[in-house]
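Labels run A, B, C and D following the written order; every chain starts at residue 1.
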Amino acid sequence: MSKDETLGEALRRQGISRRGFLKFCAATASMMALPPGMVPVIAAALEKAMRPSVIWLSFQECTGCTESLTRSHSPTVEGLIFDVISLDYHHTLQAASGSAAEAARETAMKENYGKYILIVDGSIPTANPGYSTIAGISNVDMLMEVAKGAAAVVSVGSCAAFGGIPHASPNPTGAVSVSDLVKDKPIVNVPGCPPIPVVITGVLAHFLTFGTIPELDALGRPMAYYGQSIHDRCYRRPFYDKGLFANTFDDEGAKKGWCLYKLGCKGPTTYNACATTKWNDGTSFPIEAGHPCLGCSEPDFWDGGGFYKAISTPTADIMQAATYAIGAGAVAGVALGVANRVKHKKAVGEHVKTTIDDLEKGN
Amino acid sequence: MTEVTNDAEFRKALDSLDATRQRLVAARFVENVVALCSDKRIARVIQVASDSEAGEEELAEALKAARATTFDCHTRCGSEGDWSEQAGYFVARAATAALTPMAQMPSGPAWQAALSSRMAQTSRSIVTGDDTSGQEVIQQYRILSEFLDS
Amino acid sequence: MSNASLERGIHAFKEVIDAPVASFFSSCVRCGLCAHACLFYTETGDPKYTPIHKLEPLRRIWQQEYSFWGRFAKALGLSKPVTDDLLTEWETLVYDSCTMCGRCSMICPVGNDIAYMIRKIREGMAAAGHAPPGLIGATQRAVTIGSPMGVKLPALQAQIRHTEQETGLTIPVDVEGVEYLLLLSSMEIMNFPEFIAAIAKIFKHAGVSWTISSEAFEATNSGIQIGVSEIAAELVERIVAAAEKLKVKGVISPECGHAYMAIRWEGPNLIGRPFNFKVVHILELLDELREQGRLKTTSKETQRLTYHDPCQISRRGGVVKQPRNLLNMVAEDFVEMPETGTMNWCCGAGGGVSSNERADELRLKVFNRKKQQLDAIRPDAIVSACSNCRIHLEDGLEEYNMDMPVLSLTETIAEHLAGSDQTGSKQS
Amino acid sequence: MSETEFLLWVRGPALQGATIIFLLGVVVRILEILVLGRKPNLAEARGSAVAGGLRTIISRSFADRGTLQRTAFTEITGWIFHIGFFVTLFLFAPHILLFEEVLGVSWPALPTTIIDVTTIITIIALLAVLIHRIGNRVMRFLSRFQDYLVWLVTILPMLTGYIAFHRVGLSPNMLIAIHILSVELLMVVFPFTKLMHAFTLFMSRYYNGAIAGYRGVNS
């Protein structure tokens, strides 16, 4: 693979036909919610695009995001993309190790300074830099160093995007997200635990095509993928609207595929493309598999009051509070009532007789 | 010469009268007690009632005046009663009865006028303490007897 | 020397507040519906006549004395006090523009019995020296003379003599051991003595033994109108004493609205013990006689008649069916007003308003409500069973140029008694 | 405090606090009234006080024809917003779930489209009620600060609920948190205001009906 090769050349070298290429472009356009008229533009742009250099940093993470990307079915769009990018550093995937690996990173940074894309998965510990280091370099230091020369940063997975599970209460490592640390670079958050692979490739395709990052929502997520809630696109939504719910995982409702809201589904408050793109080559997604959405692409999903508790339910013991309140109310009410009664009795007892001589205004 | 001596005869005689004659005799009953009413309107009302030629419109006008006088003279609930004023109220009621069409007064206008006139006399007697209501009855018998003979 | 004072008024407010009052004030949502049940509002359009608003002084005392947060607010000095000026302002609202007809109590969506509370607020108003002069006079006469209109025994005796002459019947006075003691209102003695004659004829016809007491003939009770329970109790005690002395089985309340309320419903509560005799309204008794077949009538009135329900007798008293049964006996063409029975509109003069000259103009103005009701059915005559309603109806009809006699139901029945020669006279 | 933490606080401690103030206040106020008591009626009864009281509890929900004609606007808007409020409160699935969680009992929900339409109608009715309160001379005359406050805390849950359902403006978690908070505001204000009528009207209607029923009158 030559570094000067364009994307078009690289694809043709791998035996991808013009038709296959256009198909990929059309799929990319559709993923990015662009009109069909944009397909030739995308094709032209990708044809000429230089294979970008990508540096992938993994911090406090579980490798689930990488697993998700690499467990893609072949031939896939994402596979193609990964074949055509220049993944210059990725500790799980690269062959080099130790000082050779770090040298590769430094080289890539130097050669593509200001142009490379930084992909991050995992959160960054801040309580103590020693909690997570690579080649003796703390995560914070490495992130800040690499981010400095990046054209854009893509935070893959909820940990990089929002702090994720390491950030979950009580957050012993002081984990933070990329955007908590990097303030001067365009950052695209691709949350999910793990995120949908096609979303990552879509973001990269957008960057390659337009040289910019896609339109983002308030949480830095690409609108094209995170513009609608799971709930709004869920095939079980009609059951919700009709008020038909599964009450347990094995009841009649569950068997009939009714809405999982009562089982704690976070679909209504979760924005992601699971319900439309689905997983494993469009096979299924959690709700289709009979499990409520955990809301993994939303900040602090781990601390949302329980995966199996509906969002409208209390997170504290209300019955106990109610019992105490009624008890205390009964005691206080009777006490105040008796005080009222005593006052009333006293008033009646101290009644002063009104005679006919007392009717006219006194003084 | 007719002589009425009790209420049974008195009423029977009244009932036998036609509407105009009932009105005329009633007017005489009222006239007999009119001194008890301080309201000047009543004198005029009696004048109309006593006129055998009085037109319907004139009579209706007089009835209205009699009614108005009645409402002006009655004692309102809870206010201090004055029996001499109350006598005037009954005179006005008698005048009203005298002018009320027979259809609206099944017991007879003249009979009602006679009763209210007696009440006026009773009211007066409450003030003075001497019971003269019996005399009023006798006078009414005399008035009727004279009327029937005239 | 009067002892009336703001302190005594406030003290009385504290005395009269009970669980229903506390509940009513807690429930009011200020929806304003009660205004539309009150003729003082509907005929003037002035929102100050909204029934619940007339209770503001009492509401403040409830809030400040009997609700925990109100007490708290009072301690912090956040609540509006009840002042003499406030009571001065409210005096006309409480006495001149409320007849305690209780129509608002029938429509309040949260169920507030506003008339119940007006009755109570008047206790405090009276104790604070804020009763209207007219009612004070009536009350003083009721206590000292025995009648709010100053009717003394000789006057009654003269009327009895007159009635005996007219009917040829004996009017029993102070007869022991009879069935019923008949009470009379001063209004009947003064303005409508024919009521006594009607009763005499009917009771003769139906074979009812009865008497009038020379010691307690007065049915009315200014005490419940002005709002002084001990005066009301004193007046009730006179009747109870007479009834017990004459050993009657029952006491008859005559054609008077508040008299029935006073003796039938408030009476035992005022004196603090149940009666050992029954209290019936004359219409109740007449209907009972009708049911027993003891009351028979012959001819019928051909005029188109309607019945005006006196508020204290129907809505507040529960005598609703009886007058209808009786009217159907003697009327060929009995027609109801659009809103009738327990939903009837007050004439505008009850609850002491008629004794209160200050309210004269207002009560005639609000009579327009009754006019509208009558205009809807255009009867030839109105029948009622309360002398006060009757006088005010006559006044109002005159004011509005309506030509329509107002009749007493009892008297109307008497005129149609079967087998009556109507003159009934034997003596000369 | 992050949005999630805010939502958790609203669903947890804040809800506990609001529940305590609400129930404590309501129980105190009801007992305060009941314990005050009333005198027994010594007059001979013509009808049953209990039957009259129970009857009026139901019957007072429906106005007589004359009143209905005179006050149609108040009656109709009143009915609509009360029914709308209770339908959305008790028949929306997420709400039922809350009651189930706390009380252990559940009941069927209404379809969300019906809830949605009901909410809009209720909000319109409440707006009409406010306009009426300001525009109608009697209501304006009677109204004090509390009446407007109560209106506000009543419409807020409806509005925030509607917005949260349709997820407009803020993040869904934030919208839900605000919605729950608005309900908690309603609960906290409840015992200190005329909102108490929701409970005391049963007592008031009973007393009214009992007073009348004792005299043989259906009130």
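Heads up, the rule we're going with is that a residue touches a chain if its C-beta (ideal position, glycine included) is under 8 Å from a C-beta of that chain, and two chains touch if they have at least 3 such contacts.
Quick caveat, the model's predicted, so the values are computed rather than measured.
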Next item on the list: Go ahead and note the Å separation of the Cα centroids belonging to subunit A and subunit B.
Entry: 103
Item checked: Rounded Å distance between subunit A and subunit D, as computed from the means of their C-alpha atoms -> 39
Notebook entry, point to check: When the centre of a chain is set as the mean of its C-alpha atoms, what distance in Å lies between subunit B and subunit D?
Noted result: 66
Notebook entry, point to check: Taking each residue of subunit D in turn, which ones touch at least two of the other chains?
Noted result: 28-29, 32-37
Next item on the list: Among the residues of subunit B, pick out those that touch two or more other chains and give their numbers.
Entry: none
Note to self: Can you list every residue of subunit A that touches 2 or more other chains, as numbers and ranges?
What the structure shows: 332, 336, 340, 344
Check: So how do the chains connect up here, line, ring, star, complete, or something else (other)?
Finding: other
Check: For this entry, which pairs of chains touch?
Finding: A-C, A-D, B-C, C-D
Checklist line | Residues of subunit A touching subunit D in the complex | finding: 218-219, 229, 240-243, 245, 261-262, 268-270, 298-300, 303-305, 309-319, 321-322, 324-326, 328-330, 332-334, 336-338, 340-341, 344
Check: Across the complex, what residues on subunit C touch subunit B?
Finding: 134-135, 137-138, 141, 147-151, 154-155, 158-159, 161-162, 165-166, 168, 185-187, 190-191, 193-194, 220, 222, 225, 301, 303, 349, 352, 354-357, 380, 387-388, 391, 394-395, 398, 403, 405, 415, 421-423, 425-428
Item checked: Of subunit D, residues touching subunit A in the complex -> 2-5, 7-8, 11-13, 15-17, 19-37, 93-95, 97-98, 101-103, 108-113, 167, 171-173, 176
Check: Mind pulling up the subunit A residues that touch subunit C in the complex?
Finding: 332, 336, 340, 343-344, 347-348, 350-362
Notebook entry, point to check: Which bits of subunit D are touching subunit C when the two form their complex?
Noted result: 28-29, 32-39, 41-44, 46-47, 56-57, 60-61, 63-64, 66-67, 70-71, 74-75, 78, 136-144, 147, 191-192, 194, 196-197, 200-201, 203-209, 211-212, 215-219
